């Protein structure tokens, strides 16, 4: 459906380099990256707002690189919504159809459909779109983009800057709408949760480059580079060196940089590596339990307990600081305290090496 | 602690800035009042309702309005190009735009007269519209004097709006023309209106270029400023002042009315 | 277009020194004939410039002889059509009731008296003022009291009306324009080297020389002269001679170097 | 499909807006060129280096600069008050500010002359500074003509900055004065500069009010616009055009230089 | 330390009404509320930027209601940072000290302290603060406020609009700094997690009013009204009616509105009530286990499973939809699928009734 080939874009001092993306028809494609990584520049380039200085963009076997925005038929929902302040909500929504001189009846029909779907019938006549709340603005902008039945829907951080409740609601809605209308969608975000729960595939950007593309699981479980790992929140991330590699069994031992802590993993890599263990993959135990040789068991001391709402984050010092996540409920049942001695246990298969 | 701190300092500050404004306003009002004291109300009324002055009022209002409409019509695309388009030599063009502001109107009028005696100029006069010493000349003179100011003011309005709304409008299917007419112009209307008001004010008071290009012929090319000049030319100071007051009253009430109407209905 | 053919129009570039009378004369002329007269007023030199720059206009009339001489030299008027309409006699004009009690040219040298003249390089009445001062060897003494050069002769007259100076070197006729604000102090006949007149001529840019000539003929006719007399202008040479029996009439005056810039 | 769509439509649009701008600029340039054709270069050089014109150039530059400095000095607090302070009668004051723009400069000059013959005015003249027919009069005349424009332009700069930075500065311990001098003014400097430039351009070309209030005394109150007028008034068209060109060259190069310097070092 | 008494504030169309707050010395006080609820207006009123139309504000037994901002000595870090764009980072930080004419040596000393603490030595000479990243801007704004040693530190949504990694880092830092310098701090946010993990006490705002003040536990476990509960994310929130109240034992039975589901709780309320059960308090079980009479055991069917990163959210239809939270690890070990039949179990003491 969409093919981006070797794209380079310059805006002011900022450069996008070597962008290659293929998006399938009907796919929900997420672009994930930290602030200032160029996500907005990239999607605006697809929408035709920025011009690339190299490379090509294809929509459905048509080269659109030189087309103007109005010829591309993308539905773009900008990060800052950009509702037209001189029009009320309804007029904003009708805008694209009126421009194309659709009949009154057709306009009415489509407005009915889209406002039903987005549940915004009650705010259509609010005169000044600035008085709409964030969530309402977002829905109007989305309706304005959906009503023109775009070939490609681009959502630029549609959920950031919303309070968590509205955030969650809208996220659910986006999923539902995509299921219903099946438009190819690009969704820009810097929130992992959003990316995982919405994306069919995810592209991770940093510094104007795409550093990894894959399914959510690939990205979060197997980050290709340290920067992806760091960004996607691999919390227990350490430098290390493979000191013993038993290729036959696939088990290797890694010594953490500057420590004499050893960690077992299933990697076949050798030399200097990075190691990461997801906090929810670590079990806390008061005693050493029956153990197989592919398990890591380390003794440590609790140095910090952080209450994070429904989750509790516990830092255990096992010569290296390990972060462990528990549900609040589990935590309340354990009577863990700062200073308690404890074992941390995690499987070698859960040790991610790269 | 220093006296400028705290609520007391805040009051001093407010007093200081407000008094600069009020000093300036009082100075202007003082000038107007000293003129009012100069003439008798009988004389004023009789001048106001004389045929000559009624003609001048009409001519002034009509020509200034047409000049502003033309300035706005040419100024909108020009200001848009200057604000949103990148091209080579933009800073040179920017500086050339100062020409009509720098050259005093009388000189500008003289330049226009000379221009119309060149082959190109006389070609325009013979085969197009006649400008020299006729009413279109008034409009042209006012246009030349005010248009650069109008473009500058509208440029800053477009600068403030930026290109973001247009970009989004285009993803919704607008071409550049539609984006301009459906989005940028409606958004700019307050700024354009303010520019138009200031330009109109300047046009209605325009004298130097008008008198040189269109001449000071009573009942033909006699706008209010030219009526003032003609009164002074016959050393009739009292009549001159009466006409100045008429000019002030007419334009200030028009401006106040425009602002009020605009302020209520037009705001974004 | 049809209207243009039936209604003849002539345009007159006219120094404002003759404004009030010229307006009335034009009105009466229009009533008598089917020729419309458009009067364009301004400083004599400004009017000449406008004539030269625009290459349009039917009649030129300056406020004093020297600009007509210049116009002849520049070839913008037909020399054979030059006529004198009325005569202008230089005089000192003072404020109503003469508060500084200025009675003679001599009094202008008194300290504390402020004097205005018209800008001598560009304005006719300014040139005459300088000529008088030079002729009577008073220019160095009066100069310190001259606080302003006005840019046109009407502005010079306005200086007295607005009480900005104590005296101006102007035309006698100024006091006729604003009798309530201006008093006149006559110079002694021997102090006057020359008197001026208001000339008029057909411009070479005219498109209707016949009508233009008709208007000039009307102005110099008895009827025209009467109108000017009504506004206090001196219509005949004899009358003018009463104020300055020996003075030269018109003529060019070369500004002496100490007045040049 | 419509021809205005797509890249082709975009080109048409660009061509249309740019051509409005270029048409306007060409018109201005055409006027200047037709003036250049009118005079010989010898005459131009001799006029340029004449004592009179060198005096006029100096006087123009000095008076316009002083007038703009005063306008800015009074204008900053006045514009600040108008922009950031709420008070009763603001819209009336706003309208009064249009007075000097509406009244033609000659009338404004006459009004000033009259003002200085009232008791208050003559009091100022006798016990303060003399204005009538002397150089301070030039400055006053230019000030009156340009200051309202200057205030309007600076007001919109202050409007754009808003009060947010000052509010934060004050929580950090600034009183109102410090907030103005340490925060708002540095932030406004580009806008103030632009206002200053436009005001200066207008001041250097000011003729009508100057000539009425300060007179046209050669080598005393003769600015460049007055030199132009005096040349025209002595029917010396060639000299007038030469002085117009001198005025254009001097002011355009100054403006270009100011913009360049400002554009490089001053931008925020 | 800070006492706000019956405060009413009007800004434009918006009104704050009946604000009463007391903040103790050294406390970390969080103001929590949805977008547009007036949080910013309230703290700006404390900083002296808005003037109240009624009521009083006291700092340390001094009435500051009529004082100007410069007399209040608050350190205010605005939501949008408001760094002075004409100054570089260092000059921004020194601003408050230079205004007060502190000696060069003193300024240098304090800058050293604060930049060390905030770890921003490397960006001090960046000319244009607009080129700083969000996190860097935030630190500079914080340093600028801290350096004047304010009596009260006001942080307006310091962490929103940051990507989650930076968000987490800065949150940890704020906690550390507050521990070190112990300045009374007001922290505005719309994020519950932030509120819980930072706040000593929390005030919940809505529509210009304070609807509840209390410790994090009080707010999240015992919301006083429906709107607090809804806002703080009480996910399993249902309307119901107490149909049987056994005052002696403290156990009552609540019938969910329109259903014949009954839920046991410990409330003494009668009549129409709201019921909420926190998702992390619910246990999933494949079989009915040994149960006491204060436990709710309901049989249901899994209707949806949502992957949210380290957590998995499972919706179980037990005639009413119940949301249950599991860690990803727990989830992977259970082999739950959409459509599986399952029991949900939660204690009566975890049923919150209001």
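Letters A, B, C, D and E name the chains as they come in the text, with residue numbers starting at 1 for each one.
Keep in mind that, in the parts below, contacts are C-beta pairs under 8 Å (C-beta built on N, C-alpha and C of every residue); 3 or more make two chains touch, one makes a residue touch a chain.
In this text, all values refer to a predicted model and were calculated from it rather than measured experimentally.
*Asks:* Touching both chain B and chain D: give me those chains, sorted by label.
*Replies:* Joint contacts, listed by label: A, C, E.
*Asks:* Which chains does chain D share as contact partners with chain E?
*Replies:* Both chain D and chain E are touched by A, B, going by the contact rule given at the top.
*Asks:* Select, from B-E and A-B, the pair of chains that is joined by more C-beta pairs in contact.
*Replies:* More C-beta contacts join the chains of A-B.
*Asks:* Where the centres are mean C-alpha positions, what is the separation of chain C from chain E, in Å?
*Replies:* Between these chains, centre-to-centre, one finds 89 Å.
*Asks:* Calculate how many whole Å lie between the centre of chain B and the centre of chain C, each centre taken as the average of the chain's C-alpha atoms.
*Replies:* 35
*Asks:* Specify, in ascending order, the residues of chain B that touch 2 or more different other chains.
*Replies:* 5-6, 9-10, 110, 114, 175, 178, 232, 237
*Asks:* Of all residues in chain A, which are in touch with two or more distinct other chains?
*Replies:* Residues 68, 70.
*Asks:* Two-or-more-chain contact residues of chain C, please, as numbers and ranges.
*Replies:* 49, 53, 152, 155, 162
*Asks:* By the document's touch rule, what are all the touching chain pairs in this structure?
*Replies:* Going through each pair of chains, those in contact are A-B, A-D, A-E, B-C, B-D, B-E, C-D, D-E.
*Asks:* For the complex, which residues does chain E have touching chain B?
*Replies:* It comes out as residues 66-68, 70-71.
*Asks:* Per the contact definition, I'd like the list of chain D residues that touch chain C in the complex.
*Replies:* 51-52, 113-114, 117, 132-133, 211-212, 215-219, 222, 226, 229-237, 240
*Asks:* Residue numbers of chain C touching chain D in their complex, please.
*Replies:* Spelled out, the residues of chain C in touch with chain D are 43, 45-46, 48-49, 52-53, 67, 70-71, 74, 116, 119, 121-123, 147-152, 155, 162-164, 261.
*Asks:* If we count contacts the way the header does, which residues on chain B are in touch with chain E in the complex?
*Replies:* Checking each residue of chain B against chain E gives 5-7, 9-10.
*Asks:* Going by the contact rule at the top, pick out the chain D residues touching chain B in the complex.
*Replies:* 2, 4-6, 9-10, 13-14, 16-21, 23-25, 28-32, 34-35, 37-38, 74, 76-78, 80-82, 85, 87, 91, 93-107, 110-112, 114-115, 118, 120-121, 147, 151-152, 156, 160, 175-178, 180, 197-198, 201-202, 204-208, 225, 228-229, 232, 237, 240-241, 244, 247-248, 251-252, 255-256, 259-260, 263
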